[in-house]
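Below is one structure. I have some questions about it.
Each chain carries a letter (A, B and C) given by its place in the written order, and its residues are counted from 1.
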């Protein structure tokens, strides 16, 4: 039986984010966390492989302790085991430091056949972690995958590229990132939901990972935020108020004046 | 609403799950399914993966081992999103009940695990062209032939016809004995001589599938007989006693949705310079809707709990739950349209769908006239003079 | 040491991806201010096809270095990484920059991982101050811009698509082929079994003269659909905000903003778009902006040349009714 590890992320529910004024990083403790939406298709791809080929599926997440309910929810979708990678020393990691931590955690879970991640997170939007983690593990990475099959000991992926669509074949182990446009994702199982009280994630701290503190967290991140500033806007135009009909009439006038309407 | 019925943690978890399924896999599409009269297998797959087809299947066969109450909560909240989908779902339980209640150990082992996983849908076939409310008038026959039974006849208006894999069919093994000569059989999709007729065109519940079933020298092994020969109506009536609460639960979900949509509209629609809800003729109608829905819910829930407490004879109780709740849903959905005026009548808005869906509930699984007969009959047994 | 800047020149079958030309525009400025040589790195399988790329002679780069190997046809990520890491270790560039194409976003993190370098994503502006390079990117879905630096060299980033205009140089760059040493590992673990050019026409959104865009203020998919009717009348393209795309109201290739499309039309109509920075970076180059929003204080209302304080769906319905009545 092979093993698939899915890396998931908790992201702040849009609108609940606060930025730490000192470190300019996200204050995740204060935000309400939801599962990063593109991670749900990633889990689905892994669980379909489990349905077909009987892979063991493990979900891991790096984040603060308030990730636990999210990991439990992921358990309810059908994964076999859940891990939380959590340590104060990990806070403030950029994509390189994050990839180092994930790569180390993954090496503790080896041997595995496949690592699956969402194509990007909706907070950072970088999409860098899957290939960067793969690079640190010296594994191939296959990004923007929209279909994945396992045939005769090899994976076959359909992936989107800039000039077209590729069908790529590769042997285990590898890291794939999954595009969100998947036709269907499964709901959680009621049986599993009813058993969640007994399910807690295994915790991996830096005591287990044993990474040099200079290589993780804020101090291990070459990318530093020098400043954040709000974009301040001063009204530059005219504002009209009124009933929809009269306002629409006004817009039509303007469009005609500007030559956008005959 | 105004009453929070006390629910256990596990019930809340289940309802939240169904709401998640409803929001994701049903709500965005339900008007389209209705418009096109199309069955979509996606929500059924989602319900299966969520274990919800295993609700009433005993644990030893891979189910959750829940009772009528949980089944009704699930059906209620599915109906809130689409009564067509909930009909497919509830009708499958209708087909599963005979095996759960009367099946042999071998039959349970053979069928229940795949039913619990939602891999196989069920259907229940009693009605025939000449035998609707007068169920005893069925003509379909099952003749014993060595190790086989040979089925002949036509079943009409069968929910899940064609999409189900397992059909419970009531047929006469001894026509001379009348009602006592009927037996219940399990027929599988693909059995020789069994074909599915055309899909019916319906007023409501259009996301569900209704067809004829045609048996033309359909040959099935004798171990497909449920219980014993002659037990057919016993199996059918007991099944319907259980399932009737499901129809009542559908009524609750539809009525809840109709009330919510129309109330939101009435509070935002401005006429004569104020939201129409401010007019007493409107707000009092909503007060009446709320009372009727709450009392229907109280009745359905308490009948479910009565059944689950181990009651032996509950025909009258389940008839009350079904009849009362579905009549209220009809009234509430009709008023909901009226409260929305032209918006309620337009097919861009869901209220007219609720109204059409609710109409079927007063007809199927025993018309409400038959339910009143049952209630009256049971009442007469209660006071003996 | 650190006297050159690498720009990834992504090519395929004798075509250079336009995004590779875009990134040269800001990098040219950066290179000039920091006194570095700007070098476009091209990886390809066919030398003649590569040298026949028409834009090559008009590039803003000082030099073009190209590496030819049959295995580079589909630019396999692992092999690209190895080639670029080798070049970086040989030449110690000050910075390595990629366009935020799918290929750029796939290869850059691998190179960064190998070089233990920082990597900034979706950079859409640079600042040079006291000889230091700062990279700017919108962030966190709020109206916040982050100014980033790298503690280590090379500085690495992927640059937002359509964020910079393509410009041509007056003098031809020096074009030379680099040979990797004997025994260099040209293998890849990825086998391309099949390749299909894209099925559907790429959306014309990024070059549209008129864009009608919608956000959550449109309230439903049905309301959003009305934008397509309006687009037909105005000969416009339809765009959407990230939340509208996530809600399934419109396809992902019509998303405007970070990790979506950038537009710079003559007319931009925003229906029910509050104006989160992740969206506005993708449309702030629009010439004339009209915003329809129930919230007078929304950032988009402030960006707009004309704002209408109104429920967006009601406005859109009224507008369509009037436009159709006029036909």
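Everything below uses one rule, namely that a residue touches a chain if its C-beta (ideal position, glycine included) is under 8 Å from a C-beta of that chain, and two chains touch if they have at least 3 such contacts.
Please read all numbers here as calculations on a predicted model, not as lab measurements.
When every chain is reduced to the mean of its CA atoms, the largest separation from chain C belongs to B.
Taking the mean of all protein C-alpha atoms as the reference point, the chain centroid lying nearest to it belongs to A. For the pair chain B and chain C, the distance between mean C-alpha positions equals 54 Å. Look at where the CA atoms of chain A average out and do the same for chain B: the two points lie 41 Å apart.
Distance between chain A and chain C, defined via averaged C-alpha coordinates, is recorded as 21 Å.
The touching residues of chain B, counted against chain A in their complex, run 10, 13-14, 17, 20-21, 24-25, 42, 45-46, 49-52, 54-55, 64.
Those residues of chain C whose C-beta lies close enough to touch chain A in the complex are 10, 12-13, 15, 17, 74, 77-78, 81, 101-103, 105-114, 116-122, 134, 139-152, 188-199, 210, 234, 242-243, 246, 252, 258-259, 266-267, 277-278, 280, 288-290, 292, 296, 299, 301-311, 314-315, 317-319, 321-323, 326.
Chain A makes touch with chain B in their complex at residues 184, 186-191, 193-194. For chain A in complex with chain C, the residues that touch the partner chain are 14, 17, 19, 24, 26, 37, 94-96, 99, 120, 122-136, 140-144, 156, 160-171, 174, 180-181, 221-231, 233-242, 244-245, 247-252, 254-255, 258, 260-261.
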